[in-house]
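Each of the two complexes below includes chain A, the first together with chain B, the second together with chain C.
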Partner chain A sequence: MRDTSSSKFAAAAGLGITLGAAFLIMLLMILIMSETPGKTIYFFFAGPWANTYYLGNMLNAAVPLMLTGLGISFAFRASMFNLGGEGQVYIGGLAAASLALALPGLPGILGIPLALAAAVGAGAVIAGLSGLFKYKWRTDELISTFLISNALIYIVDNIITGVLQDPESNLLVTRKIAVQYWFTRIMRPSNLDISIFFVILLAVIAYFYLYKTHQGYEMRMCGLDPEFARYGGVNVRTYFLLPLLISGGLHGLAGAVSFMGTQHMLFKGFSGGMGWNGIAVALIARNNPLAVIPAALFFAYIEAGAKSAMINADVTIEIAAVVQAVVFYLITAQALYSWIDRKHRRRSA
Partner chain B sequence: MKHSRLFSWIIITSLLLAGPALIFSAGSGESADSPKADKPFSLAVIVPGVTAGSPIYEQLVEGARKAIDENPGTSMKVVELGFNQAEWAEKLTSVVATGIYDVVITSNPSMPFVSMEVAEQFPDQKFIFVDGYIDGHPQMASYLYNQVEQSYMLGHLAGLITTSSMKGANPSLKIGMIVAQEYPALNKMIIPGFEMGAKAVNSGITLDYRVVGNWYDAGKAGELAKSMVDAEVDVIGVVAGGAAAGVFEVAKLRNKYVMYWDDNAYAQAPGVIAGCGALKQAKLVYEVVTDALNGNIVYGTARVLSAADGYIEFITDDPNYRATVPESVREKQQTVINAIVSGELVLEAPEL
Partner chain C sequence: MTPYLKMQNITKVYPANNLKANDTVNLEVFKGEIHALVGENGAGKTTLMNILYGLEQPDSGAIYLNGTEVRIGSPMVAHQHGIGMVHQHFKLIQEFTVAENVVLGMEPLRGKLFFDRRQAEQTVAEVIEENNFHLSPAARISELSVGQMQQVEIVKMLYRRADLLILDEPTSVLTEQEIQRLFKTLRYLAGQGKTIILITHKLGEVKSISDRITVMRKGEVAAVRETAEVDEYELSRLMVGKRIMLDFDKEVGFCSEPILSLQQVTAARKHQDRPLLDNISFSASTCEIVGITGVAGNGLSELEDVISGLMPVSSGTILYNDIDVTHMSAMELRKTGFSYVPTDRLKRGSSLASSIRENMIITNHHDYLTRGGLLDGKRIESHVEELIAGYQIDGRAGMPIGTLSGGNIQKVILARELEKVRDLVLFAEPTWGLDVAGSEFIYQKILDVRKRGAAVILISSNLDEILAIADTVIVLYRGRIVMKRPVRDDAVLSRERIGEYMLGLKDDFSAAIPAGAGGFLERAAEEGGEGYSR
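Showing the complex of A and B:
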């Protein structure tokens, strides 16, 4: 019992040290790079709260991250690695955009659910392929999710800048989807829309599914020890497929939500790291669906703070990428250590 | 597990709450950037991409800096929007939402479209677009280069080379064009102008045209160039940003020639780049910002700038040009340049 408590404390302390180290590195970079470090630090921390525009946009940026973070949490809980989030976000956006552009006359009440369903379906199918390969041939999903995703990005790029490209636009973008597909904004003039409520609700549902249902229990058990789960009568192979289907579906949904709420047209490269950041979000949240919410807000806050500092002071936006990368590496290292430690304990037992 | 989760929540929530706490603690001391009624002129220079490595954006910053430096008490801020076009509108809105800047100046044909919703949200904000076109919007003034003229001059030289006996030129009357992406200014001015210029030399010349799909993939641009050269193209026009490097490499290996838009790039591939057009963007931006400072900009208007106005040129005084292109070809090319600059040869810019 004492051993478990101390390991929990060590994990929590590790997270605290990681986040603290990331902020220290950020402060150090500002002190080196900025000629007005006081002003830069002020805008980095305070900027996202300056007015409803900045605050709303920060919350809006967190929404797709919550979805990708949830998606990764599902996969990781079942000890399945989904490194294809970026491509799944991208294909989800493409599926929703294609449907909305193909059926511009559909009423919103029908069109929006259909577009979202298309996005979920597309993401789920793509991630599910890796699950299926593992189910059938024991293909390592870590490699297959990554490879499929990478190939997919080029295909989607080609479709956006090819058949779907808006010929009247100077940007690499599709035509705008019809107004009835747009999500209602709730904090003008920011881009925040009503999807934030649904995504938070989804996180709560995900939590109940994982922790309060029989299937969720089996999924977690397979993640903790597949051999033990198999011995207990669980069909382990089912959980090669199901977590990836859910994970891919949530990533696809993130793609649809981000463009239907904000730009209303699909830009080439719009996913911009949502898939990769989802991994960091899930790791910070320790794969807990409820903790994904503040973890995504934390990531969005770093981005918003850096944007604010860039606009109001004299640093570049890359400072956000550096802080996020530091968080990502340190959290990954911490997670890797826990994983090795768990393996070691299992072997010793 | 519950303790560790609780601890995580406390850390993250504390960090998020640090923002408002700092606002209150910093209070009025740091509010120097809040808009004031009698504040001096402040300019936001928006770079849709990054400045380094892009001559057109470097000139944008250079011209604005010169005008600001000549007017003590005025200030400017350069904001780079980065390469993710999906984020441009939000970043631009963030700049405008500060309320600090009297005028936003930017350069790219896409920026009037990107700025439209921002202008609607902030009706007091003024925008100036160079290398962009928007007419009749009360908050916006635009300056469009007549790219038909620049492209015609480059196309004419391409036509002269492909019909010449220069090393690497073949009897086949084929020229090529590799572009990063399709956009209205390209489709309506650059390609038609290039083709028109070449056909003025010989109406039998045909244009092989390919799209890279982005502004950075030199490998793919090189592959397209190889394929064109295999199809007997001997002169390639390139409008592809960083991807152009791939075309230069292939052209150098295969003894072919390249035409380059908007800047003097002869030194990047001597003996390969046979013709360069250039835009006098720094000059234009300097003049426009000076006008904005003096309140002389007429918003709601669009101006089309030509070679006769001195904002577009074909670079002939570079030693690499003289070394690559024989005198007989240069003489014929000069005749066309003179005709365009003098207004004898009129090439209208179409409506975008």
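Showing the complex of A and C:
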């Protein structure tokens, strides 16, 4: 007989081993690739802490990852797969930017909530479409979220480089949004802004929603065992739609938050893997909304470390991608293993 | 004469529930023979055949083919030895053609790399023709009837040059005509020198098709007989055996008010000629336990799904307290206060990865909201603790239910379902896999529910259980009610007599077959056709 606390301990230990192994592999790679491994390792680990600029930027990079990680956690908790995060982030950013550019005279107190609402709405509608297809025709959301999102990326690209493009710039960017839409910076000279507090608060609310409300309970039961939920009188089909709406909304929000505090404009490809990295973050966090916060920070830390090592030593930025990939593989293998283990136990029980 | 196949002292224990599925079993089958392997559910027939086909390994014992010992480590090895098996549930790829399915795994190749479709279709066509099947090699599986799919499975084995064919419950999904065609095929194949083992529990079929019979009971061989020398009554006695009757104090309450009644309920599945449930009518009243029994595959699980609202009804009406609930979903039914302990405890009855606490509040979780709309942790906790203590569940509220024993999982489900009984409970196979103490605990709970005035429907393939606690017995055979009598009716209700109904030897409700002794003769003749005079 196994206790919850001991299985939680085992899970934490497993995560520790995974992260440890990832760092070891990274050290090994630095030793192979770098001419000055001591210097590279120093800048990799210490670089992000060197000054407020690096630290703030690292924290700032973690904010959208927290949102996409939360979004994926919601979908996964309900056993719904959302592979369209990238497109939902993209459309969310576009919605917020379009609103801000269309209403440049609005005061911030009205404009910011409206822009964020537009972003949430756009992401939710796009992901919700897949949920609706599943609700109506049992379409596999794994495929539909991915396809819709991929098609969308080209459309948004076209709008950014077309109607919204800044005529005074040679870059593929939109005009800047009006100043009152900008998020307040809190750690100058870095890009970190106040949104980090709201996002952490959102993670806490998400945790509360999943574990303390009856809707969250039903959602989790549908995810763990849909037949049990149906037998218990839960309207299972509702939970084809709702988790994707929430997931898409959070992704859309990530799109808005990622530019309203930093560049204040959209550039082509601004989502830059946020959607995909959200899946990795959710996997590390085991779909626990509170654990998403450190998981996103860890991800941002690796990227910031690699950047610092690249600037100050002789490795390329790709090392970050490699470490993230290693973590991703190990985590997925671990998740897969525990899934097989659970299946096995179910059969032998 | 050396037997073609000899399985000697085969023993197989499942350590998970310490069940001896096969206990020093001996089986001898001769070349060109159709050998029937009969027994109740759980008698060990399928385990024995899975061992022969290499799907499972015996703990001890040996297998001889033509006198030489063979070790069958996997189905692939079984194929090499000429052993083929047709499973009860077909393993075919719907989108592939007949030929593609047949050659799958042993595809003819062109240039050692490319799939040679023409060669495949030609070879398969030859096999089909040689054995008098009526199939087109180019037809897609999804276009075929159930009977044709079974033919594809047999062709698949013949293509692999199987000399020994194992068929697991081959008739359970077939119509009468399809059964006749199958039997003709089997006789033809036996005439060609193939050896056939037929797993079944339908005695009429055994009589009409087989040459010899091995009867299994509780993991052991109960008897081996020449088919010609045994009648179906003796077979049914050999299969069922004599068992200790459970004795419970059956104080019958004041029964009168019908709570749930089914009127001519029929449930059919697309592409299947025979309905799963055929014109079912009965009612359950206050203080009454209606026991519904039958052999697996005859409609018990479908009836469970229909009553619980998880399977749609094709025609007929279900009334619950005079309200029409025929087309209500499980969710709506639950809101009316319907309690239900399902057969499938692990998937339907519980969510294994969730805690005992989370498993105990489903359906009622709306009752535990605070004024703010959140789940009230404190109230849930005290309620769950109360149930854990009251039902003597060996576990703590936060533990995942999957870590509990089967008996304790069932107690959690009972606790959840019985705490809020209004006037109707459906129990399906409530003691399946439980030990004596666990079973008695559950019987006591069922009797308590009746004492409190509720109507109880008990669906169970365990006849001892039905006879011990039910007030009315209903027997299903091929989706129809073939018997409905009060348990007090001592003249009819011996275990053996009910067994005859369960096996389709008797039918109180069919005009074509007169009730009473001797009814099986007409029925067997009708089913078996020419085979019976053989």
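One rule holds in what follows: the second predicted complex is superposed on the first by the 331 of 349 C-alpha atoms of A that agree within 3 Å, B and C clash if a C-alpha of one lies under 4 Å from a C-alpha of the other, contacts with A are read in each partner's own complex, and residues count from 1 in each chain.
Throughout what follows, a contact is a pair of C-beta atoms (placed from the backbone, for glycine too) under 8 Å apart; a residue touches a chain by one contact, two chains touch by 3 or more.
Predicted model only: the values in this text are computed from it and were never measured.
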- Message: Tell me the contact category for A:291 with respect to chain B and chain C: first, second, both or neither.
- Response: first
- Of the two partners chain B and chain C, more of chain A gets touched by chain B
- Query: Is A:317 contacted by the first partner chain B, the second partner chain C, both or neither?
  - Reply: first
- Quick one: classify A:225 as touching chain B (first), chain C (second), both or neither. second
- Would you sort A:217 into first (chain B), second (chain C), both or neither based on which partner it touches? second
- Classify the contacts of A:233 with the two partner chains as first (chain B alone), second (chain C alone), both, or neither. second
- Partner chain(s) touched by A:191 [first = chain B, second = chain C, both, neither]: first
- Kindly classify A:168 by the partners it touches after superposition: chain B alone (first), chain C alone (second), both, or neither? first
- Message: List the residues on chain C that touch chain A in their complex, please.
- Response: 16, 308, 310, 330-331, 333-335, 340, 342, 344, 346-355, 358, 361-363, 365-366, 368-369, 373-375, 377, 395-396, 398-400, 402-404, 406, 409
- Task: Report the residues of chain A in contact with chain C in the complex, numbered from low to high.
- Result: 1-4, 7, 208, 212-214, 217-218, 220-221, 224-225, 227-235, 342, 345-346, 348-349
- Item | Residues of chain A defined as touching chain B within the complex | 5, 8-9, 11-13, 15-16, 19, 23, 38-39, 42, 45-51, 53-54, 57, 157-158, 161-162, 165, 167-173, 189, 191, 259, 262-263, 267-270, 272, 284-286, 288, 291, 294-295, 297-298, 301, 305, 307-308, 310-312, 316-317
- Query: Inside the complex, what are the residues of chain B that reach chain A?
  - Reply: 1, 3-5, 7-9, 11-13, 15-16, 18-20, 22-23, 26, 30, 33, 77, 79-80, 82-87, 89-91, 93-95, 97-98, 108-110, 113-114, 121, 181-185, 187, 211, 213-214
